[in-house]
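Both complexes shown next keep subunit A, but they swap its partner, so subunit B is in the first and subunit C is in the second.
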Partner chain A sequence: MSDPFPWLIRYVEVWVPTEDGSHLTLQSSRLVGEEAADADAPGVPDVRPGEGVAGRAWQQKSATILQEDPSRVLDGLSDACGTTLKAVLAIPVFRRHEIRGVVVLGCGDGLGAAEVWSRDDRDELAVSVGLYAGLPSFEFISRYTKFPKGAGIPGKVWTMEQPQLARDPEQSGTFIRSFGNDPAQISAAIGLPVNHAHGFAGSVLLLLSDAQTPLARDIELWECRSDPATDEHHLPVTELVSTTSLNAEHNTGTADAAAPEAWQQQILKQLTATNSPAMFKAENLALPDRAAFSLAIPFFRGESLTAVLTLLY
Partner chain B sequence: MTSASRYLEIAGLTKAYPNPFGQDIAVVSDFNLILRRGEVCSIIGHSGCGKSTVLTMLAGLNPITSGALVVHGREVVGPGPDRAVVFQSPCLLPWMTAFENVMLGVRQVYPHGTGKERRQICEYYLSIVGLADAMHRYPREMSGGMQQRVGIARAIALKPRVLLLDEPFGRLDSLTRMDLQDVILDILNREHITTMVITHDVDEAIYMSDRVCMMTNGPEATVGQVLEIPFERPRVRSAVLEHPDYYGFRACLLSFLEKQEHHKSSHVAAFETRQRVARTDDDAVVTEPVEEPISV
Partner chain C sequence: MTTYAPLQFQPVRDSSAPRFQQRFMNSSDDTASSTSVTVYAVALPPQATIPVLDAAEVAGYGFRQYPTVDSLLESASPSATGCVLLACGSDAAQNAAVIARMKLHFYSIPLIVLLDSNSADNAVDLMQQGAFSVLPQPFEHHKLLHTITAAVEFSESSQSAIDSSRAACLRMQEATEKELEVLRLIMDGRKNKEIAAELGITVRAVEDRRFRLMKKVGVDSVAELVALAVTAQYYQQGLTFGSPRNGSLPDIRRCVKGIEVWVPNEDETHLQLFQSCYRDAAAFQEASRGLTFRRGEGLPGRVWESRTPAFLRELITTDFVRSREASVVGMTTAVGLPVFCEGRVQSVVLILLDTRNQTKAVFESWRLDPQSSALRLSGGTYINCERLRRLSEFIHLPVGEGLAGFAAEQGRPHIGARFSEDAIAVRGLALAAENFVSSIALPLTDSGAVISDVFLLLNSEQTPVFSLLQIWKPTPDQSAMTLAGEYVDGIPSLTSQTSVISRADDHSIAGQAWTQRSPIIVDNGTAAQAIVRSPRVPAPGFGIAIPTIVGGKVVAVTVMAN
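Moving on, here comes the complex of A and B:
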């Protein structure tokens, strides 16, 4: 299968907690793109809080970007997965206080940006770490930009405690930081919250991509509604309320939500059972748009699964 | 978190007015902003977006619909001498001299001061705005710029915790405007008054402010983003203009205003669509969903 573009994200890892919850273990890793395949990662040790990129995201309860790499983790990862990675992003997933997994995304060459927005002492979000390619004006102004609660994608993520997905933000007229003639044209933006305990933990990962190096073949954001389990022998019931997709044809509004497709139902079923992020291969699941695999990240508010972000490759 | 770092706190501020169909229309919605003690913050946005609505609510002149306004730990419930306002028009009492106009407020704020103390306060503030030789003139004997200086002296003489400037230089020529900007900055450098400035002028916003709050178009106007202006104080105009980052900030603010203008009509149309209520044959009410633009 040949992909039309080099994806901005070249490598994906999913770490899940061990049975006793003391460590994270690498559940799956995958190369993205033409060579989409399980990455060879034999003997990767489990990590505790603070160890490696995944452990650091877990300990800090914050999205993490690793680009300057004194420990040469990035080089090691690049060698292991056989592709050059410019940076590694990690986003932890918590259900109440419990770590449910960490998703690690390896970025290759491409146009776009990844930013971690963190809450500061006056309750505004400021960039704590940023990775930019082809966006010099955007990078400059981002250093001085703050988003109060509700402002911009980061502020909306904070208010909603839910991921946000924006198609062609440059066309929206409110793409405030895009003022220069940067080589990159932002065609998609996703904001991902880190929720912990009962709500927002103070960190948002914002990913922005150019049409030439998209984040994924398609990205879907599912809004979910969970009813708690009636007893300990039953799983909670999770319904798909609406779908927002980078591909407009796949959108369903809340007013006339289409019935979930089989692949969506299957992913929801697994996430409801495990409460952890996971990768799904086309061999096991009929994914749309000729996708080779899908990465599904659950988001919780308290105990309830409220959203799922699905990246299709 | 100290009270100095959250000296002026605007949380979830909303102002709604009823429309002819009995619906509440929010002109300002969920506006959040926090200023540190002594900070100067400009608010820019298109005419009619709700900038002055925010300021008049903060002044206590316009009741809020929901949210909270807190100054130095105390909730704003009405007008008070802790918040002084300078409007575009100085609104001086024409039958009083500049000195008497300033004294009017000083008497209210220093009721236990002696006559000499109150007189000295008036003379001090009129002299620092450059009116030492004109303080006994009537408004009709003064230029627009001089009248605005009286308005500034009248506000500062109250020793407010917060100074609210609503396009204070909007009716003045460029030279007078620059002169008065420096007068105000000089006062703020001495008195460290937390200040909010409403302006359309991006150069004024950059020169005067520690931060610029960009407001989106109304209805439901809110904070689009906040831009920190890192230039040191006291500021020297020529140094600010020559700073390598100056034109980056300027381009960002101008681009914001241009984009807001370009998308003003579509935003209003989207809002009207959302408000549109389609009545079906059986009188069921259906509100149409609309995809909102989102800023990053």
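Moving on, here comes the complex of A and C:
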């Protein structure tokens, strides 16, 4: 099987907390694309807050972008992956105050952008760090743009405290910073919040991709509802309320309209049990669209699992 | 006394001149030509769509389809390259209007008209009105393909000529007046000795000027220099207010219906009309006579009280005092601007607009936050560019950056143009994408000394609010003012730096605004004489001069005219 596209994300790591919660340990790492395979991640097996990219995202309770060049971390990862990484993104997942994991994404060559939007002293979101490829005018105007709560995709993420997915934002006219001047055409946008304690922690990771180098084969956002009742394993009952997909045909309205598929139920069940991000291989789970694996990231408001973002590769 | 540089290029004779000039009538687009060639199909019947699409594909062009002319004009850039295929009916007047709109919108896109068999008799009329070709339906594939290819070739060559002409014009801007004097005489066929005699300088000085000019504009021979000047001249001849044939404005560009200056009475209890000029608005003019406004009353009173610009997008639906008369004469939008003198609102300027006819314009007010030293949008009206409004709401401009931030830092008005290349214009690419070609930023001094707000006007290519923008600056000894910047439809004048108004000059509105420290309006009867301008800038119909007073001194006078 060969992939039709070179993916913008070339490498994925999932870090989860140790039992005592003092460290993060590397649970899994994976190359993306044609050569999809488990990868040996370099560096120390466990990290404390502030150590490495994952530890830094944990300590700062913020999404992080590492793009120094030359960079020991990037070079190490690139060597281990056998592919050149241009930058590394990390997003921490908290359930109330507790770290539940950090997802690290390694970006290769491609067209698109990754931005960390952070709340400033005027209570607005501004780009604190950005990575851009093929978007010079978009990058320029972004330096002067600030979004209050509710405005733009970052502001909506802040209001909803939930990830937001937008397909063809330029075409729909919802993407106000783009005037079609750049070589890259943004075909998909994903905004991911960092929630901590009872709500938004002040940071949004915004991922933007061109159709030529998509972020993933498909991306699904599941809106979830947790029931106070528990199942036979004393786990909270979590329902899939709706699915939004970058592939329009996968969208569903409510759980009544379309029952979750088996792979979705299985991922949801594991996330409900562990409360941590995880990777699922096609060998163990019948994934749709001939995907080799799926990365699932849970999002919590307080203690409740409210959304899951799945990236299918 | 007013002095001009004696630059007068000889008329350029070219067999293709009429059509060519027409093509770059408004060719001040900074985005230059598009790299992709597109066949635009408008209102095609289903049976015609597939053959046109096939022909476009065979020729390797893009294809876009639009249900109406309006939808095409909203989407397609005036500087696009390609051709338009339009299905026309038998209504001759309607066809003529559509062709006129197309010609006004596009610089270099020919129009191919598809006629049904009942309307074939109109073909000659359509060609005379400016259609590139007329094809009766049903049409043969090879004929369609040939016509489209020929139209695209014409479009590409026109666009290329516009680009070359514009590039030449920009290079010639480097020339000084003295160098242009010599160039003019060279173009007249004079020898160095004759030039030296005429200018009263030595032959060596003539050669020096010529050499310096050739070096500046990057040419190696006199022949190349003359060729460059001729090409630049083509572009300059495009600087007209409307049609070059009769000098009148097309209706679409007549968006300003009136300008008023309101001043407080001696007791500062109310505002009274000090000066005004109107265009086709007799009922409104009559209603304005003797009218006064207290603080907070009507638009002028609101500006007076709030000490900030105010905007009324819809005069009909708001409490505009003269809304009935505005409706009668077709005024739809009004903008109010305070003019400060030593901390006092010395006057209120009202610009009254008719924005119904595809007008595109933006008026903004940017407020300076002293704590963050950045400007944020505090108000504005966006006419037919909603997207720019949505972007601008979230922009913050550090002092010194952006059109407004730059004017705030300088404490002087600033004219912006060539937005796609202008590093100062933070939203430059967005402005270029929306076909804005020039801007004027006026800093306002609420306290009399420190800039508090910046008023910004953006002129679109098709419907500029004010085609002519000038900034005059007093000389250090305050004996005269020099023209520091002059733009027509976003194109800088080549000779702006030598125009001078002496303090004793009382016939120009710029001079009067300087000495009287008040806005001055000039209307149709006297504008040509009262607006001092560079030699080849055509006479405007009316205009206003607004002084910028900072720290008690007039630091600049802005002239806006149409």
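In the analysis below, the second predicted complex is superposed on the first by the 296 of 313 C-alpha atoms of A that agree within 3 Å, B and C clash if a C-alpha of one lies under 4 Å from a C-alpha of the other, contacts with A are read in each partner's own complex, and residues count from 1 in each chain.
Quick note on the criterion: contacts are C-beta pairs under 8 Å (C-beta built on N, C-alpha and C of every residue); 3 or more make two chains touch, one makes a residue touch a chain.
Since we're looking at a predicted model, the values are computed, not measured.
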Is A:G152 touching the first partner subunit B, the second partner subunit C, both, or neither of them? both
Now for A:P169: first (subunit B), second (subunit C), both, or neither, which partner does it touch? first
On subunit A, which partner's contacts cover more residues, subunit B's or subunit C's? B
Which superposed partner A:F179 touches (first subunit B, second subunit C, both, neither): both
Quick check on the superposed pair: does A:Y144 touch subunit B, subunit C, both, or neither? Answer first, second, both or neither. both
With the two structures laid over each other on chain A, which partner does A:R122 touch: subunit B (first), subunit C (second), both, or neither? both
Based on the A-chain superposition described above, do subunit B and subunit C contact any of the same residues on subunit A, and if so which? 122, 137, 140-141, 144-148, 151-152, 173, 176-177, 179-180
Hey, which residues of subunit B end up touching subunit A in the complex? 1, 5-6, 30, 32-34, 36, 211, 214, 216, 222-230, 245, 248-249, 251-252, 254-256, 259-260, 262-263, 266-267, 289, 293-296
Report the residues of subunit C in contact with subunit A in the complex, numbered from low to high. 372, 387, 390-391, 393-397, 401-402, 420, 426-427, 429-430, 432-434
Inside the complex, what are the residues of subunit A that reach subunit B? 121-124, 137, 140-141, 144-156, 159, 164, 166, 169, 172-180, 186, 189, 206, 208, 253-255
Counting only contacts in the complex, subunit A reaches subunit C at residues 122, 137, 140-141, 144-148, 151-152, 173, 176-177, 179-181
